[in-house]
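Chain nomenclature is as follows: A, B, C and D, assigned in order of appearance, with residue numbering initiated at 1 for each chain independently.
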């Protein structure tokens, strides 16, 4: 993993908005740190739909995009009922893997940054080449 | 659903013990009500293993035990780091479905009761007859 | 619990739409049955916001709306990436508790019905009277 | 974060064993990547109890151990009903933060490594000095 997530909104290519759930809070009164991973995933799914490559369709073709690495930096807590902007940008693409950087913010206030690394796998979990159609080049996306 | 969950420990045939997780708490400082469903499920899985019908093996045979109904009564909250005894008993069996009643307690203090209704389904989700080998007759289990 | 959830869309007073997440699926390839409870909760939160009684504000006033009972009937599975309409209606109100019935559907196809029972509790978890301002009378809501 | 998680079991000071749940699987038929964070947390809680500093007690003293960073490398999938050994070792301690490295394995087969970074916070979420009593020096633990 070598992609460094920027805290500059202009460095991102796509933003998905979601609202935190009460079920995602914990006894510290904040959003539990594991819930962020579902936010990143939901954002990737919306990005793929937006890029005309819905994830459900990719899965029908027998390909899954496995999560190989996850790195999250929690900078300020998220609270219940906050509306979160999850910005993402794809980078660090190779034949078999690609990376995604994320910036999570509420009303422009940065809460977390993250990077995930993904690889394509077939039904049996074996690594395969990334589908060529995947919109993994961020430059072309803009 | 017609099985009524008893609050008498003697009415149950199997007990599984687990410890609540911090990830399962919510901002009310208690275990979130959805987490109880994972406790019931974990208890069913342990019961099947204990009865020499591990669920992983049932699934390899192409059968899943789908959840058709869930009913939970939350009597007193569960808190973080509590050790919960989940007692269960099978009842109300028909050709295609069976019911399970549960009693959740901590050191003998009743916290919740529950009933779940299950049916066997094949890989495509179609309802099928219950496997005959299933240990669903509680009388024989004791 | 005596509220019976109708499968007639006209019997409901408020509908919230959400999309199922990949994180909510299970190894049966469908949405795990525990995830439905978060959908019901999210719908209650949106209903309260829509009724000018945001739940975050109710909590600031020192009141929580505890879940006392949950009953879900799973009629057809929900799948990943489906857009679910969660209709709800309030009923069965007493001094200390109220009930909510739900109808979950995708493009008009019924997937589940549910009822939850709630009571107001203070910070220490003690039952208190329902806030008078709560929009719990469905007739007045329409 | 500068702690590098080793794949040598001898580099770890404490091991907690847990069994994966069906509720933690996803539609790829494996344990969802977000579930690992609950496994790491459960292991930290068991380590603190084992070290005579139960986390529930630390929380009663008004201190929470916030998660500042999480880094997970998923090397081979975990499946339903597998018994996972989660080994951990504390390192990289400063006045305000400490790091934990993890090795997740099943029957000696490495599945994932991870690092988490933690800081002590008070009830309002403000960073405070680590409690001196915290068993964060791994050398003394052995």
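One rule holds for everything that comes next: contacts are C-beta pairs under 8 Å (C-beta built on N, C-alpha and C of every residue); 3 or more make two chains touch, one makes a residue touch a chain.
Nothing here was measured: the structure is a model prediction, and the numbers come from that model.
Novice: Would you mind telling me which chain pair, A-C or A-B, is linked by more contacting C-beta pairs?
Specialist: So, comparing the two chain pairs, more contacts are at A-C.
Novice: Measuring centre to centre with C-alpha atoms, which chain is farthest from chain A?
Specialist: Most remote chain from chain A, centroid-wise, comes out as B.
Novice: CA centre of chain A versus CA centre of chain B: separation in Å?
Specialist: That gives a centre separation of 34 Å.
Novice: On a C-alpha centroid basis, what's the spacing between chain B and chain C, in Å?
Specialist: Going by mean C-alpha positions, chain B sits 23 Å from chain C.
Novice: Averaging only over C-alpha atoms, locate the centres of chain A and chain C and give their separation in whole Å.
Specialist: So the centre of chain A lies 28 Å away from the centre of chain C.
Novice: Would you please write down the residue numbers of chain A that are in contact with two or more other chains?
Specialist: 22-23, 27, 30, 34, 37-38, 41, 59, 80
Novice: Of all residues in chain D, which touch chain C in the complex?
Specialist: 22-23, 25-27, 29-30, 32, 34, 80
Novice: Where on chain D is chain A touching in the complex?
Specialist: Interface residues on chain D, with respect to chain A: 27-28, 30, 33-35, 37-38, 41, 59, 64, 66-74, 77, 125.
Novice: Can you list the residues on chain D that touch chain B in the complex?
Specialist: 21-23, 37-38, 41-42, 45, 54-56, 59, 80-81
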